[in-house]
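When the chains are written out, they are named A, B and C in that same order, and each has its own residue count from 1.
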Amino acid sequence: MSRFNRQLILGIAFLVLSCAVLLLVHRRYGALSPAYPYLTGWGLFIVILFLSAYNGRKKLPFLPLGSSETWLQVHVYLGLATAVIFLFHIRFRVPTGWFEGALAWLYGLVMLSGIFGLAVTRFLPRRLTARGGEVIYEKIPGLRHDLRQQAEAIALGGEQPSTTLAEFYARRLDAFFAEPRNFVHHLAESRRPLNALVAELEDLRRYQAEKERVEQLLTLVRQKDALDYHRALQSMLKLWLFVHLPLTWSLLIFSLVHIALVYGFAGGIK
Amino acid sequence: MSEQALPPKFDAQNYARPNDGWICGHAAEGHACPLGPGRGGRCQASAECVPSMETLPGESKGRWRCNRSREKCESGPLPDGTCSRQIPRCAPVPTLRTLRGRASRLTVAFTCGVLLTLLGIPGARRSFINPGPLSTAHAFGEPRMGHGVTNHSACGACHLAGNAGPNGILAAAFQAEPAPWQITRLIEMRTGDRSEMDGACLKCHSGHDFHQPNAPREAGCSFCHREHRGAGALPATTDAHCGLCHADASLMALAAAKRVQNVSTNPPAGGFTGVIHSFASDHPDFRAARSGSRDLNTLKFNHQLHLSAPTIPSLANGKRLDCGFCHQPDALGTLMRPVRF
Amino acid sequence: MPPTLTTIERPERWDAAFDPEMTDAAVDRLLTLSPFREMNPEKFPKRTPLREILKHDTIIRRYRKGEIIVRQGDYGTSGFLILSGSTRVVLKPDLAPAVLGRKAPEKKGFGRTLAQLWSALRPPESFKRAQLKRDGQVGERTNEEEQVHVFLQDLPRVFNEHRTEAMTTGDFFGEIAALSRMPRTSTIFAESDEAELLEIRWQGVRDLMRHDDQLRLHINRIYRERALASYLRATPLFRQLNKEQLERVAAEVEFATFGDYDWSGDYKRLAKAGTLRPEKEPVIMQEGDYPNGVVLLRAGFGRVTRKFGTGERTLNYAGAGQVLGLREIAHNWRKPQQPVNLQHSLRAIGYTHLLVLPTRVMEQIVLPSVPENDLPDLFAPEESGGSLEIQEQPGAAPVRGDILEFLTENRFFNGTATMVIDLDRCTRCDDCVRACAATHDNNPRFLRHGPAHGRLMIANACMHCADPVCMIGCPTGAIHRESFEGQVVINPVTCIGCKACFLNCPYDAIRMVDIRDEKGQFMLGEDLKPISKATKCDLCVENHGGPACERACPHGALERMNLNDLAAMATWLKR
């Protein structure tokens, strides 16, 4: 059996098992036991701490702590299992009150951003490979600058600069080459903006004397588009963590305060 | 039809350093300086090399020689020995990792700030941490939780942490029973056990010993009566609550064995110790509370027909007929009022 | 308009002489010395006369007392003949690694491991001055030809602590390492103050051997005595033979070297010109020929091909330890009435060094000793006709043809720890590069980029080749092979930045860096030139847990893979 299939099957088996175990605990202690929310709460907190420890593992690659791949598998499936613990912890009741509501929202956002990240890391790489034009993210601004200079030289330079070409460049291509473009279209795998631009250029080529220069511009436009595609998808592969990580910190702080509040208010009387 | 793009030209001579926090500001123009930004994003730009004076054998005057590591520059050093290629200073750009670190730190700061503020201001604290409105009975005549609440001291009527701010809440948490580190004690708690909070109920409902004298175990008040679930009446007790004891055959046997004489009511033989699974299924028929009293109600009411059949028309206000329409508790809430129609 | 013809000078064997400054007078002098004096120039063909061999394939080197000539463990491509003076071979115990320019292979201790937590604070490529202190036992000097020679400082102590043996005028050494690409077995240093040695590069040794009986017998004898006996004993095919039979086999084995040792330079040139094709590679075994010997690949790589259309289709590549032709010979021995010819051709890629055991010896001595079950399967009639699908053919590689071509064209099969990245799983997160940096004082040692074929990318990280061409020519011994697990490592303390390894590596895996001090400013030499050193992946030889890159990839996209055979690749592609 392939390694990835094995991971998937183990993961799902773990999820099913953990649901079963939780159900048993639920029956044994009963949702009505006063200890139940404490037990599920501590369980949830400890699991979330362990999930957060993955960030620590990534910062310690020089210690033999196990491979990052294993950690990620544990992180994903344990993370999914927390949904079940969470639901049992809140007793399937939508929380009322600002603090508990915020806490639940934070948990939900961290969970959803995690699932989003999982989807993104599994689906986007294939698209990047299929598109070709492999490029390292930090080098993209320099390459973009390079393309822009080349395009400007072709469109605006030469011994006999063409006014049509120059005007077209100023109107349509300058903005295109100046910045990363079409972020959303690239995420949606839509070629519409590129096709539109190519159509305009081909139209130009039909009526222009210097067909070769338009050809060169076409090549550059395609290269720029591939660069933008990489930038868009690689950005998405990095940006989802801007939601997942800061909110996890927030969740951890809220959880600590929650523990203090619960014990402070339910632990005794004045 | 997608055609595979070719990878852009690639500099294999130098390492790419994604581990660095800052990128030279000139990288976006394609010529990053070899020094790179220092810690904290300071531009360290200086000259490209340190020229040295080279005197060949047989010459009296020497020449300044370019000392660049890759290849010498075309212009060579200036006559005074300084490098002719000074690297212009740049504004280093933070990498995404650095920005992410900033976002995390900001979020932490913001969270702590918000929490400390909202927990620190008495007025805000109460509305912030209150998990739900109090029942009307316990709200002591105050308006519902929401805008314009002014009495900040009410929490202390029941809760240890009371009206305290963050320090007080922490202190109370450490004095809690069981304490936060006593997790094994949680495992020993049984459903229905008295919790610490139940002591608060007894402050007003003193002597409200649970149930009949022959009840074999104490059940905590909060087991049946949940507070902070909304204004109005406390949520109704359910079959599961009553069934904690009444559905447990061994407990009922214990209770029957105690044979304590009940004082206020007219119990059947053996006390109220039949095993009941739910109110609707096998609750025994009710009887009059005082001995000698008779049910004067002449209404023979077919409960099944009126409460379950789909042909029963709705009431005037659009609601359907339910138990509470006829069966109302008395003022004290301990006994049911007779149904008089 | 008729197409213009592009003509270039036909490349000749001696376009790049070993020593461009070798004079005819020097050659004349050599011809008066033994063993060249005894050689018969008539025996040498017109294309490679003795005079020309001496002129183009040799250099006269002069060593001062104590200078190291060859280092134990180095890879070299030259043999040496002592013209005047004497040298010493260090026998027992071996010289300490530090003396030879190596770093002692120790894993980082607790303190250094923990200190890596703060590695992100270090400037790029920074060193503390104390780290760069050299071992006091050796020194360096640059001679008139701008070559750096390393010399032992304390010769009396070397003589006291190590058993050595002298070699004088007329002695030959280093030829086995040159011919078979094995690491040098001992360290040899100059004893007299003006020792004069003739360094003969490998092609010269080969040709001299071919045309001079004395030299051939001499080298053959040494080879059989020293290099062959233990190797044969370790080969599974000969496990059942007793001592006498092994000796007979050893006496009959022929050894041969095909191709070109300097293949890295040629390879880069040919790859750029696009003229790398199987049909042009030297043929070792020809498909369809009568199998007249079993070929055991000793070092280097060969390409296994089959005729396909007008060309040759690559089925697989064969690395060190592989045996070819055995199946055909075993079949013919058991079924002499239905003989088969060689099913594939074997061509040398780069170079190969192999042993050939004639069929006669196989049939008389070896095959009878192998248990029936261990013999390879007989050929079924349809197998030998070439009518099977390419994947089902005997000897076919377990991966698709286009991937096989990609790996072979780029010579990636050389790698024992090639960095393979699955682009369909890689999220371009750079965790691998960061992990590499964290374990190397904040300096990544590879580039997450390289030639790609579909979803398979071979990143620009040192592959720790089976045939490490980078190791040839290091003047100080800084680049060396860890004897235990075989990682190729550069010792930054002794590296002088001469760029020999950097220029040699065919895969651009070595990069030169300008080192800095702890404040982040470039360190300059006394001549105010920046000090540069060669750097590359060292497979985290000092770290606990193995290569950090592999362990740091969250998606299982990166692996350090041995490509000497394709089993690992086949498994990995299907994981």
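Criterion: a contact is a pair of C-beta atoms (placed from the backbone, for glycine too) under 8 Å apart; a residue touches a chain by one contact, two chains touch by 3 or more.
Here the structure is a predicted model, which means the values were calculated and not measured.
Inter-chain contacts peak for the pair A-B.
Distance from the centre of chain B peaks at C, each centre being the average of the chain's Cα atoms. Mean C-alpha positions place chain B and chain C at a centre distance of 64 Å.
Chain C has its Cα centroid 45 Å from the Cα centroid of chain A. Measuring from the averaged C-alpha position of chain A to that of chain B gives a distance of 25 Å. For chain B, the set of residues touching two or more other chains reads 7, 10, 16, 18. Across the assembly, chain A contributes residues 134, 136-137, 238 that each touch 2 or more other chains. Across the assembly, chain C contributes 430, 434, 438, 448-449, 452 as residues in contact with two or more other chains.
Residue ranges on chain B touching chain A, taken from their complex, read 2-8, 10-11, 16, 18, 23, 27-32, 95-96, 99-100, 103-104, 106-108, 110-112, 115, 119, 127-133, 155-162, 168-180, 183, 186-187, 189-193, 195-197, 199-200, 203, 220, 222-223, 228, 230, 240-241, 244.
Put simply, chain B touches chain C in their complex at residues 7, 10, 12-21, 34-36, 38-39, 44, 49-52, 67-69. Within the complex formed with chain C, the chain A residues making contact are 2-4, 58-64, 66-69, 71-72, 121, 124-126, 128-129, 134, 136-137, 234, 237-238. Taken together, the chain C residues at the contact with chain A in this complex read 108, 113, 116-117, 423-431, 434-435, 438-439, 448-449, 452, 454-455, 457, 543-545, 548, 550-557, 574-575.
Only residues 29-30, 32-35, 38-39, 42, 95-100, 130-139, 141-146, 222-223, 226-227, 238-239, 241-242, 245-247, 249-250, 253-254, 257, 259-270 of chain A touch chain B when the two sit together in their complex.
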